[in-house]
Amino acid sequence: MSTVHEPVVEEAELRSLYADIDAAGLRPLWTITEQLLTPTPRPKAVPWLWPASVMRPLAERAIRLVPVERGGERRVLSLTNPGLGGRPYAAGTLWGALQCLGPRETAPAHRHTPGAIRFVIEGEGVWTTVDGDACDMRPGDLVLTPGGAWHDHANGGEGNMFWFDGLDLPMVEALDAVFFEQHPELNQPIVGPHNRSEAAFAADGGPSAGRTMVEGVVTGPLDPTPSPLLIYRWEATDERLTALAAQGERPLVSVEFTNPHSGASVLPTLACAMHRIVRGGASRPVRRSGNTIFVVFRGEGHSVIEGRRFDWRAGDMFVVPSWSAAEHASAGGADLFGIGDAPVLRALGLYREETLPGPQEVTGVFDPEGFTR
Amino acid sequence: MSTVHEPVVEEAELRSLYADIDAAGLRPLWTITEQLLTPTPRPKAVPWLWPASVMRPLAERAIRLVPVERGGERRVLSLTNPGLGGRPYAAGTLWGALQCLGPRETAPAHRHTPGAIRFVIEGEGVWTTVDGDACDMRPGDLVLTPGGAWHDHANGGEGNMFWFDGLDLPMVEALDAVFFEQHPELNQPIVGPHNRSEAAFAADGGPSAGRTMVEGVVTGPLDPTPSPLLIYRWEATDERLTALAAQGERPLVSVEFTNPHSGASVLPTLACAMHRIVRGGASRPVRRSGNTIFVVFRGEGHSVIEGRRFDWRAGDMFVVPSWSAAEHASAGGADLFGIGDAPVLRALGLYREETLPGPQEVTGVFDPEGFTR
Amino acid sequence: MSTVHEPVVEEAELRSLYADIDAAGLRPLWTITEQLLTPTPRPKAVPWLWPASVMRPLAERAIRLVPVERGGERRVLSLTNPGLGGRPYAAGTLWGALQCLGPRETAPAHRHTPGAIRFVIEGEGVWTTVDGDACDMRPGDLVLTPGGAWHDHANGGEGNMFWFDGLDLPMVEALDAVFFEQHPELNQPIVGPHNRSEAAFAADGGPSAGRTMVEGVVTGPLDPTPSPLLIYRWEATDERLTALAAQGERPLVSVEFTNPHSGASVLPTLACAMHRIVRGGASRPVRRSGNTIFVVFRGEGHSVIEGRRFDWRAGDMFVVPSWSAAEHASAGGADLFGIGDAPVLRALGLYREETLPGPQEVTGVFDPEGFTR
Amino acid sequence: MSTVHEPVVEEAELRSLYADIDAAGLRPLWTITEQLLTPTPRPKAVPWLWPASVMRPLAERAIRLVPVERGGERRVLSLTNPGLGGRPYAAGTLWGALQCLGPRETAPAHRHTPGAIRFVIEGEGVWTTVDGDACDMRPGDLVLTPGGAWHDHANGGEGNMFWFDGLDLPMVEALDAVFFEQHPELNQPIVGPHNRSEAAFAADGGPSAGRTMVEGVVTGPLDPTPSPLLIYRWEATDERLTALAAQGERPLVSVEFTNPHSGASVLPTLACAMHRIVRGGASRPVRRSGNTIFVVFRGEGHSVIEGRRFDWRAGDMFVVPSWSAAEHASAGGADLFGIGDAPVLRALGLYREETLPGPQEVTGVFDPEGFTR
């Protein structure tokens, strides 16, 4: 008891007070403290996995049945976490989705404050034009469409193409800061040759080149301006991971994609990394504040998230919500693309991390074929 | 039409596709694009005002009826914006509340990742202890309890005391990053004399003094570490505003409270300012991305928010949601304390601002006595 | 005396100790403390002014006599502060210079880690190409060539053209971080139409537009990535200053040029602003940590710097070293371009500012015609 | 040739122009371009080593002969790099020194804008008081005295004590931003128990604890406010390095000390790390922009810097100037403390790093006994 007086409370008087507080548009904190101020984060999103075997046929049906038009803007299937009450988000702060374009299709030009990245899963022939710079996309490539940049997608090829879309939309919505605008033209003009940012910033030795990937997954300084390099090629990523894996005995090696100017994450709100689990490797379980979506690029394996085993293979997508214990393993080796909101958490002094002493006990298995919400 | 083929869609086939997409835990973006990507922010919170004439008697009844105890932690009435579906928040990113303590009461020590500020409305005798530094509170003072700092409140005086609480709790919750911990003791020990941070950092000339208030409301560099100065005295604020008002013809002068080390906002997530409307002054209407709560400290006047007039007087609190046009006026002069989330919006490249060409047309009046949710 | 023992020092023993310390490549701090740790900054640079009446004819002679070639790279006359012992810098952290190109001349393409800005004084027909984007330059325009960006200048016109160059070169040199590289071609290819960054980022309302000028001279958050907008037009600057001057009674109104993405200074190291002294206006004396160079764009007037009066007119350049008291006045009104290093000082917690209570006593007059070093 | 006309230059006319340019306080850039804009950094400082076997006896003689007094302020022997023309600095941006106190001595309280760290080499009984918080120092501990904080040192024990001082003084001097002030008292009052910041911020799990060391040497976001944790204990550092070394096959493991609020470097200007070379380990040669000082804490080994071998043992200090290739090896294992300016370089977009393909060829040996300047 922290008070010096303890009035004999008339129950009726108290009920009347609560009714009047409610009528006044107020809430008594003391009745809801424990719901609001939890010992550790209680994300509404739950650990979840969306298998490629389910998503891919749906995307193909959509290509056949649904045109890409102004208004709808994109042919995108968004990961809808069952914990979020129907909101079309993969996690509380992250949008994740599978986007696809059929042969000769284009998706109209627009811009918005939310920032986006594209990680290519399969196909070729598409370019994404970002403020006039057409970026050719191939499997394993990471393409940025920063907040505020005009962007559209065009498939100049003869086949379907599929890629992962990652956005900070839920975060920008929570900050009440979504602005959106359609380009006056269906597609913006392309200026100069394709891949200009790559020519300007991806070079490997000049003074402005800097470091476009850093070992380990570490968020550099928050940079409020996004990276001027808009495309990161798979070949360079693969080469770097191969060198790291060759070097030692680590079960999982990682590179973070970075802004060549500042060493920061690629966008102010989003950090992107590629993780390679070596053959037979198993990482230690870690909890982190902030949400992460993983996209399996190559190989198969499993993750244990809060005691539940998630088996995955190439093309699957899964989410590790904030402060969920997670560890990853692969018998034959695998490559995982990861995207998270850590730059914001670190810049606001909210980042926490904890390595658990040993592997989690597995108490259940997620069944990707039989899931229902 | 942006596609090169337009299949004859079988309506049934499409319905079946949507059902399967839903069953797979996915959502077709093209059906919800316009809800998600709005031209300008559509905050769920609405412009609202909570009058002192209603809040104050409720707080006094609560002092009489409800003890302050461990578990409930605080005697706080939180502003509950009717647009937020029952969540106890003033706006999408901001918590605002009236806190009170009776004579000789204390509120228990705890800490949490959300950061808080206290702006004193009335009374004396309370100190807030922050990581061992007891900060004495008087009307008009601003006190910081940064995220992660142990803090408790104690009323050593003989009267009731009332202050405004501002927190970033909704933002930290949206980021899935709330951590909370009770102090092992009911109240933490006080170390050394009261007001140590004031002695160390508020001095007016030494090298570490820096500038603790800046003219105009401008968010300096985001500083991930909060201000080491924990209390800003009303006397200094008043003196600065008086000098600014004397200087020119501006209808409204403002100072922002800043971190003396870096010139940043007081907390990484929250900017605080004091605004003085000069006698007969009326500011121009402005829209800003980000939410703001105002607390009327002295005087009376009115604000026009999205065309609706809100009359206010000392002790009233009101909220201007993101991108709402707002202008302020006072016949006799008034002082408004303001708190907002602009540092985060600027650091993430999401800040926008627009001054409207002339005063808004007033299309309605908010009636503080007759409001219901 | 802070020690508990005071040995009877043998003078010879002490001399021998000092000799041995010196021989070991060490220095005894206690003998030089007061030189190193000064109460306030003691910049080596002195307040100085370079008159257009002297610089301009020299530049014209140079156009006639000295070709612009690879190796020399630029036809630039650098302000050489007499306090800096012959180093070709305007102040300890800033390079300032007059650059000129004759008709049909080009200056070769290169890039370097130091960042640069160009402020146009006179002439037309030149464009500066920055990473493929050709920026047309007219009097009063500000053009950025950020660190690491390929840049060259070309005069497509029939007359001479003159502009001010401001660089952070001395700072980057002090940080041992100068990298320089010549472009493989004499001039880089231009991509697309001229002024692409202006088309993309200078628009006045869309979501990515942001605010490219802010009232008052305030350094926003340090942004490690430079502004994507490369050119700021005089017309917009003039319009904004005219509106500000019309608004009130301030003797001097200012706008800072900012990064539209983040509200930061134009480059991580350099802040640029335009100041308008209204007819008959005189500003209050202020000391600031950090160096500033001013370029007189229009009008005439004088500044008092550390008690000495500097008379100036259009085209003159002068420097206010760190912590020097400075105030500015003009009978007929004038526009001053200013460039300084404040973003770095603020980001490192080193910024200090002090307004003096009243005008300085004038104890001398700087004579621009008769100066010698 | 980049110009369209090539005048027949009269040699005399050109000589006259250069004389007039010089007389006007200007410099023709084209004659000095190659000195100023170098392909890679050309630090004036040279790789150098100061052996403990030389420094330690000099410090002991100084304890005997030189009292610590107000004015001289500290008994400090500063590393004086022979490349810097007599300036008492270890490198262009860094001050390094050996400080010592005899039994019952105190060094007077003062504060200054330059930030400092102390790394304890030998002895016990000293505490450093920082803004009232007395921090007890033991070998291997790192203590911060951030810019602007009052600090003094007191030896309450019976023996001599020696520690390394690292400051950003040369950088702050280059920025013309040195402010210094003596405390009104010889020693400031101690507030509360010793080691308060440790009690508040070094805890191992609570919400404010955060991460005070991170694996790998990576500079987090620049935080303009210094770390609130003022002391980092050797026991924690050692434990972390032991765990890292046990984990894999890396020849050198590192932890960076970080601000528990933000994950940033300990001070805005200075990053500190501890490196452990495992038994028989040899690191790969790396060049980095920015300067680094190393202090050997335990063991012996050698470094190759720009082809020259530097043999070292416990207590030695050596400097790796910007962009110098450096690699480290130890047959028996060793611990090196390192301090550098990387946070500033990264925040300004100036950081570069390059790993060389293989070990450097050793072309000479630095002889610590026989060096002369």
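A, B, C and D label the chains in the order they appear, each numbered from 1.
In the analysis below, a contact is a pair of C-beta atoms (placed from the backbone, for glycine too) under 8 Å apart; a residue touches a chain by one contact, two chains touch by 3 or more.
Chain identities (UniProt): A, B, C, D = Cupin domain-containing protein.
Given the structure is predicted, the values throughout are model-derived calculations rather than measurements.
Between the interfaces A-B and B-D, more contacting C-beta pairs are found at A-B. The most distant chain from subunit A is C, comparing centres defined as mean Cα coordinates. Subunit B and subunit D have CA centres that are 41 Å apart. Centroid to centroid, with C-alpha atoms defining each point, subunit A and subunit B lie 29 Å apart.
In subunit C, 112-113, 147-148, 179-181, 207, 210, 221-222, 224-226, 261-263, 346-347, 349, 352 are the positions where the chain touches two or more neighbouring chains simultaneously.
Those residues of subunit A that touch subunit B in the complex are listed here as 1-7, 9-10, 13-14, 17, 20-21, 23-34, 36-43, 45, 48, 50, 54-55, 58, 61-62, 64-82, 88, 91-93, 97-98, 102-108, 110, 112-114, 147-148, 169-181, 186-187, 222, 224-226, 268-269, 289-291, 321-323, 341, 344-350, 352, 371-373. Interface residues of subunit B, counted against subunit D in their complex, comprise 111-113, 131-132, 147-150, 179-181, 191-193, 196, 200, 206-208, 210, 221, 223-228, 259, 261-264. On subunit C, the positions that touch subunit B within their shared complex are 205, 207, 209-211, 214-216, 218-222, 247-250, 261-263, 346-347, 349, 351-353.
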